[in-house]
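Handing you a structure now.
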Amino acid sequence: IRKGFPEVIFGQGKTAAQITRILQAMASSEEVILVTRISKDKAQQVMESITAATYDEEARILQLQKNPPEIINKGEILVISAGTSDIPVAREAAITARAMGNRVTTVFDVGVAGIHRLFAHKKIIEQASVIVVVAGMEGALPSVVAGMVKSPVIAVPTSIGYGTSFGGMTALLSMLNACSSNIAVVNIDNGFGGGHMAATINRLTALIHDTP
Amino acid sequence: IRKGFPEVIFGQGKTAAQITRILQAMASSEEVILVTRISKDKAQQVMESITAATYDEEARILQLQKNPPEIINKGEILVISAGTSDIPVAREAAITARAMGNRVTTVFDVGVAGIHRLFAHKKIIEQASVIVVVAGMEGALPSVVAGMVKSPVIAVPTSIGYGTSFGGMTALLSMLNACSSNIAVVNIDNGFGGGHMAATINRLTALIHDTP
Amino acid sequence: IRKGFPEVIFGQGKTAAQITRILQAMASSEEVILVTRISKDKAQQVMESITAATYDEEARILQLQKNPPEIINKGEILVISAGTSDIPVAREAAITARAMGNRVTTVFDVGVAGIHRLFAHKKIIEQASVIVVVAGMEGALPSVVAGMVKSPVIAVPTSIGYGTSFGGMTALLSMLNACSSNIAVVNIDNGFGGGHMAATINRLTALIHDTP
Amino acid sequence: IRKGFPEVIFGQGKTAAQITRILQAMASSEEVILVTRISKDKAQQVMESITAATYDEEARILQLQKNPPEIINKGEILVISAGTSDIPVAREAAITARAMGNRVTTVFDVGVAGIHRLFAHKKIIEQASVIVVVAGMEGALPSVVAGMVKSPVIAVPTSIGYGTSFGGMTALLSMLNACSSNIAVVNIDNGFGGGHMAATINRLTALIHDTP
Amino acid sequence: IRKGFPEVIFGQGKTAAQITRILQAMASSEEVILVTRISKDKAQQVMESITAATYDEEARILQLQKNPPEIINKGEILVISAGTSDIPVAREAAITARAMGNRVTTVFDVGVAGIHRLFAHKKIIEQASVIVVVAGMEGALPSVVAGMVKSPVIAVPTSIGYGTSFGGMTALLSMLNACSSNIAVVNIDNGFGGGHMAATINRLTALIHDTP
Amino acid sequence: IRKGFPEVIFGQGKTAAQITRILQAMASSEEVILVTRISKDKAQQVMESITAATYDEEARILQLQKNPPEIINKGEILVISAGTSDIPVAREAAITARAMGNRVTTVFDVGVAGIHRLFAHKKIIEQASVIVVVAGMEGALPSVVAGMVKSPVIAVPTSIGYGTSFGGMTALLSMLNACSSNIAVVNIDNGFGGGHMAATINRLTALIHDTP
Amino acid sequence: IRKGFPEVIFGQGKTAAQITRILQAMASSEEVILVTRISKDKAQQVMESITAATYDEEARILQLQKNPPEIINKGEILVISAGTSDIPVAREAAITARAMGNRVTTVFDVGVAGIHRLFAHKKIIEQASVIVVVAGMEGALPSVVAGMVKSPVIAVPTSIGYGTSFGGMTALLSMLNACSSNIAVVNIDNGFGGGHMAATINRLTALIHDTP
Amino acid sequence: IRKGFPEVIFGQGKTAAQITRILQAMASSEEVILVTRISKDKAQQVMESITAATYDEEARILQLQKNPPEIINKGEILVISAGTSDIPVAREAAITARAMGNRVTTVFDVGVAGIHRLFAHKKIIEQASVIVVVAGMEGALPSVVAGMVKSPVIAVPTSIGYGTSFGGMTALLSMLNACSSNIAVVNIDNGFGGGHMAATINRLTALIHDTP
C-alpha cells in the first residue's frame, strides 16, 4: 500500500476524451487523482462528465479526490518562488505536495533583486522540513535560500526570461552550480516533479516515526 | 548546534601548505573535517604535519576526526554505481554521508547493460531510506532504480565516457529527463554534493523523531 | 530487382496535389508505395483521386499497394516503445518494416520507470531477429533492451519531453552512449528510418539462405 | 552458448596490472578475449606475464585467443574509411568483427574529395553483407556509400579534424542526417562498437540458416 | 560606377507599404532592383503600385528592372542543389547571379544518396567558372562537387531537414569541414549571399580582361 | 591627452624577450605600463632587464610606472569577489582600476551561500561609485549586489567551477539574466576588462566636474 | 529618495487588466512610470482607463508621467544602432534613459558594412558621456565605436538576423569578445537594460558634482 | 595539367619519417610541394634528408620547390589580419597563395579597435582582386573590409581569444552573419584553405584571358 502517492496523468498531448476515459477507469479504485499540464479548455470538457473534479487554472492541475487528502507526514514543505511569472510552476509544486499528504506553505515573489523581501520570511524558511525553490532568469534564488538553512532544497528552474535565458537552461545551470551543498535540481518547468520529490523526502518524517 | 555537519574544505586548487594551515586552525574546534578532491601527493604532504588525518585514495578525501562520527540518523543511505570507473565518485558520496552520521551501504558495478545484476540487490534497494545513484555514459541507472522504489533518489552524473558523453553532460541530461518523479540531480562528478544532499534528507528521520 | 524495397515519398512539405501527381505517375510500375509524414487532411485529399490508398492516422503514413506485401524475410522484427506519446513514431517504423516484407510484432508502453512491464515480454524480445526501440525523454530503454539480447537493436530517439529533453537530443545522446554494444542510432523521430534499417538488416536472413 | 561473442575489456583507465589480473582470471574459460583502447606501453607490460597475447598497435587492441576464431557467419563485412587518420578506428572495427567470427575486408583512404577512388571499389562494396564506414571531418562518406548499396551501413564518426569538426560532432550529425535510409550510427571513435554491431547483424546470416 | 551591382532590399520584416516607398524612391536612378525574402502576399500589394515589377514565387524575389540585365561577365555560374526542398534557396542564388550580369545554369535534385544523378552532369560541372552548391540535411554535396573540379565552390547550407539537422547547422558544419580546399561557405538559407558572392567572383573574368 | 589610460600589453602568448622589447620601446614615453596575463616565470625574466618593474603574482600583472599613478577621479571603485579562487581575477580588476587613477577598495570571499558575510559590508557597498563583482560557479553574486545599490555594477564571470560550470559560461549567462537592471557584463575571466570599464565609468566623476 | 529612477513594469506576459490595476495603484505616488514590452493592442486597452498615459509603438513602451522628467544629469547619452530592424530596441533604450533624467541623442542605421556613415557622426560620438550601441547579426558595431572613444560603451545585442545569428547569440558573443576594453554587455534585445545602465552610469556626472 | 596547384601534405598527425617518405616519392614528379601544420622540430628532421626544402616557422609550412613558382595569374591577392596572434594563420594563407602562382601582399595588425590603422591602407585594399581577412576574438574585421570593396573576401576565423571566444566559434559566427554580401567563410584556423580558395578564385583572371 502506497499511502500518499496519488495516481498522476500527464495531461499534455492527451485529448479531453482520452483524459476523461482514463479518469473514469481509475475513479473507483483511487483516493486521489491528479491531471497535470491540462489547459482550462480541456479541463472544462472533462468536468462535464467528471463533475466531482476541481481545476486550478494557474497550476493547470485537475484533481479528483474522494476526500481531501489527510496530512500523513510531519514537518512542513515550503514552496518559494522568485518572480510573478514563476507562480504557475510554484503552485503546481505546492498542489502536488499537498495532494501527497503534506502541510504546504508558499512564499511567492521574493526574487534576489530585492533580497530583503526574502529575509522578511527568515523564520518560515528556517522551520520548513523541505523547501522547493522555483526561479527563472538567472536562477539565483535556490542558492541564496540553501545558504540560509540546513534542510534539503529542491530547485525548479523555469523557462521564464528572454534572450540568453534559453528557455530555462541558464536557470538550470545556475542551480546545478550552486555553492551550497543541500540542493538538487529537477527538469525545467517541472513543478510537479519538484513537489513530488519534496513529498517523497518529507515522507521520511512519517515513515521512521511509525516503524518502531 | 549543527550536529552531523562536518567542516568541508574544497581541496582542488589549494596547495598542501594552504590546506595544512586551514586544518590546523580548525582542528581543535571541529569534530570532523573533510578535505575533498585532494590528490594522493598533496594528502601525503598534509599528513606529515597533521598525522591524525587519514586519506582515502579512491575517493580522494582526507579526513580528520576526533572520534569516528556517531550514527545520529535512522534509516540507511544506499550508494549505487554503474561502471567500474564511476566508483571514485560513488565512494566520495559514501564517505561524505558516513561522516555526516549515517549508516551507508554501497552496491557498485550494476549498470543497465546487465540489469539482472541490479535486480540481485532488490531487497537492499527497497530498504534504503535515501539512494544515491552514480552513473556516467548514458546515465540510465537512476531512472531504473527510481522506478523500483518509493524513496528519494539523488542522481550524480559522472564524466566517464567518450565522444558524445560530453564530459558527463549526456548523463546529466538523461537524469533530468528521467520518467520517474522521485529523482533530483546534482552537478557532474559531484559525489560530495550527492552524499551531502542524501545526508541532509536522511536527517529528517532523526529530527522529527527527536523533537516531540 | 529490389524486392522488398517500396517506393517512398517524403510527404512533409509537399502539397496534396504534388503527392497525388507523383502517386499517379508511379502507380502502375510499383508494387508498394509509402507516403510518410502526411497529415490526415492532405491524405484525405489524396485519397479522393487515389481511392485505393489507405491511411494510418497515428503513423501518418499513406500506402498504395497492389497486393499486401508478401513476407519475404525470415525472422521477426520487434518494435518496442517507451511512452504513449512515442507510439506514432513506433508505428511508422512498424508499418515501414511490414511493407518491406517482414513479420513485425509491437510491444508499446514499456518504459524503464516500471521495468517489470518490459520483463513481462522477455520471451518475445529474445526471439526477435532485429529490434527497433523507440523512446523519448531520457532514452534509456534501448540500453536496457540491448542488454537483454544478442540481436541488433536500432534505437530511435523521439522529440517527446520538455525542458532539457531538447527536442529529442537528450534521448539521442543517451542512446549513442549506451553501455551495450549491439546498438546503433538513427535521427530523432525517424521512425521510417528505424523501420527501414531493421528491414535492411533482416533481409540478410533471406538473402543468404536463398543464395546457395 | 554465445559463439562469436568474445569477452571484451575496456582498457582505457585501467592499469596494466588490473588488465593482467582480469586476463589471468578469464584465460582458461574464454576462447577469445579482446582488450580495447590499450596503449602500446601498457600492452607490453601485460604481455610480459600473458605471453600468448598479441597486440595491434594501430588499433590499440590486445588479443588473447586459444585458436584463431573460426569463420562462423556467412557473407562478408566490409570496413571502409575516409582519411589516413581514420585508419586506427577502422582497424579497431575490423579486428573486432574478425574476432567475432566474420570474414572481413577493408578499403581505406577513399574519402569523398576524390570520389573516383571510392568507385574503383564498386564491386567489393556491392558484395558485402554489412558495411562499416568510418569517417571524420564532414562525415560525408557513409551517405555516399549507402546510396550505392542495399545492405545495412554502420557509420562510425571519428574525432579527426580541427576547428568546427568539434571532436567528431560534425561528422556524427552529418551521418544522422544522411539522405539514405540504410544507415545507423554509433558513438564518436567507437570502432569497437561499429565492428561489434556489424558482427551482430551479420550473425543473422548464420543463425537463420542453421535453425531449420 | 558599379555595373552589375543591383540595389537590394531585404524584404523580411518590412511592410508592403515600406517596400513600395523605397522602390519608388530608387526607381528612376537604378537599373535593377531586387527585393529578397518577400512573400507572395506582400509582393502582390507592391505590384499594385509598381506595375513594372515581376515576382518569382519560388525564390521569393521581386525584381524591378529597366532592361533585362546584360551579360557583362565571361564564364558561367552553375547552381546545383540536392533535394526538392532546397530549390527555393537555389533559385534565389540563380536569380541574384543573373541580375548581376552573369550567364547562369541550374542543376537541381542531385543529392549524394544517388550519386550517379550528379555524375550525369559531369561536363556542365567541369565547365562552370564558379559553382554554387545548395544542400540541407547532411550537407555532403558541396564536398563531392568540389572534389570534381578546380573552380571555386560557394556552399549554401539550407534549413531543410528535421531532428538533428538543427535548422541547417549540421549542413553548415559539414560544409566548413569539407575535405576539398576550393570551398567557402555562407550563412544558412542565404541563397542571395551565395549568388552574390559567385557573381563577385565571376566578375574577375570581365575586370581583368577589360583593364589592359 | 588621455590621462589615466595606461599602455597595456596583453602578455599571454608573448615571450619574455618580446615583452621586454616592447617595454623598452615604450618606457620613456609612458607614465604607466601594464603587462597582463604574464606568468611568474616570464615576469622574472623581464625584470632582469627592466629592473624598475614590479610584479603581482596573484593578479599576474607586471607594472612599470614612473610614479605611483595619482588619484585623478572622485568616488571609489569597489571590487567584490565570491570565492577564494576568484581572487586572481578580482585583483587583476583592482590593480587595473588603481593604475587608471582611481581609489579602489576590495571585499573578497563573500559568496551567496553565506549571504550574511556580504551584508556585513553593506555600508562600503552603498558608498562605492562603481562596483566590479567577480564570481564563478553559479554567478549569483552580481545580481544580489546590484539589488542593494543604485550604482553601476560590472559583472565579471570566472571560469572557476567544474562540470556544468562550462568554463565560466554558466556564470556569464546567469549574470546576463540578472533581475536587476544596473548590471552589464564582460568576457569570462576578463578582470582587466572589468577594472578598465569601471575606471572608464568612474572617470565621469572627474570629467564633468573639471569641465565647467 | 531615488530621483531619476522611474517605476518600471515588465509588460510581457501581463494582461491589460493587470497592468491597468498596477498603474492605478502607483499613479499617485510616482512621478514617472514605464511599462515595457507592451503591445499596441494592450496599450490601447490600458489607455482607455489611464487616459494620461502615452504609448510609443516602435519602442513598445507606455509611459505615465506627472511632468516631463527633468534633465538631472550632465553629459549626454548617445544611442547608436546598426540596422533598420534594430531601431525598436534602440528606441526602448533611448526612452528609458530620457525618462531617467538624461539628455539623449540617437544615431540610427550606421552599420559596419558602410562604415563611412558611422564616421560622418564622429563628433557627436566623441562628445557623448555614455554610448549605447545596439546591433544584431554579426554585432560588430560596438567594437568599432568603442575604438573611437574613451567613454563607456554599453552593447545591446539584438535577435535580428537568421540562420547562424541564433536569435542574437552571435551578436552577444561578438560583443563580449570585442578588442576594445571600454565595453560591457547586457542581455539580447534588452533595450530597457541598456538604457537603464547608461543612465545609472551617467548619474555619476550629477552625483559627484552635487555632493561637495 | 593543373598548373598552379601544388601537391599539399597535411603535416599534423604525421611523423617526420612519414613526411620524408611521402616527399621523396613525390619529389621528382612535382614542381611545388607544401607540407602544412608541421612543427619546427619535425621540419628540421625532414630537412636532414630533404635538404632542398625550406621552412617558414611562423606559418609552420615546409616547401619543396624545383623553381620559385611563376606568377601565372593576374591581379593581386591581399591578406589582412587583425591581431599579432593571428599572423601565423595569415602567413599560412599568404604562402599558400604565393605557391599557387599569385602575387600576394600582406597587411597585418589592423584590428577594428583602432580602425584608422585599417583605413591607412585604403588604396592597397581597393586594388586587390581577392582579399583574405584573418581575425580572431570578435571577428569583425572581414565585415568592415568587405564594406570597403567590391572584390570577393574570404574570411578566416582564428582560435585566438579566451572565454567566450570558444576556440574561434565566435569569430566564425560573426563572419557568417556579416552584413556585407561579398564574404564567404572557411573553417577555424584554416589559413591554408583561405589562401587556396583565394588562389582558386584569382585563377579566373588568367583562365578567361588565356582561353580566347
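Letters are used for the chains, namely A, B, C, D, E, F, G and H, taken in the order the chains are written, and counting of residues starts over at 1 for each.
Simple rule for what comes next: a residue touches a chain if its C-beta (ideal position, glycine included) is under 8 Å from a C-beta of that chain, and two chains touch if they have at least 3 such contacts.
Computed from a predicted structure; not experimentally measured.
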{"item": "Comparison of F-G and E-G by number of C-beta pairs in contact, larger one", "value": "F-G"}
{"item": "Centroid comparison with chain D (C-alpha atoms), farthest chain", "value": "G"}
{"item": "Gap in Å, rounded to a whole number, between the CA centres of chain H and chain C", "value": "48"}
{"item": "Distance between chain centroids, defined by C-alpha means - chain A, chain G (Å)", "value": "37"}
{"item": "Computed distance of Cα centres, chain G from chain C, in Å", "value": "53"}
{"item": "Euclidean distance of C-alpha centroids - chain E vs chain H, Å", "value": "26"}
{"item": "Residue list for chain H, restricted to those that touch at least two other chains", "value": "163-165, 169, 172, 176-177, 187"}
{"item": "Touching chain combinations (by label order)", "value": "A-B, A-C, A-F, A-G, B-C, B-D, B-F, C-D, C-E, D-E, D-H, E-G, E-H, F-G, F-H, G-H"}
{"item": "Chain E partner contacts - residues on chain G that touch it in the complex", "value": "84-85, 162-165"}
{"item": "Touch list for chain C against partner chain E, complex", "value": "12-14, 157, 159, 167-169, 172, 187-190"}
{"item": "Residue ranges of chain H touching chain G (in the complex, touch as defined)", "value": "82-83, 111-115, 137-140, 143-144, 146-148, 161, 163-166, 169-171, 173-180"}
{"item": "Interface residues, chain C side, partner chain D - complex", "value": "2, 5, 8, 74-75, 129-130, 150-152, 154, 172, 176-177, 181-187, 192-193, 196-197, 200-205, 207-209"}
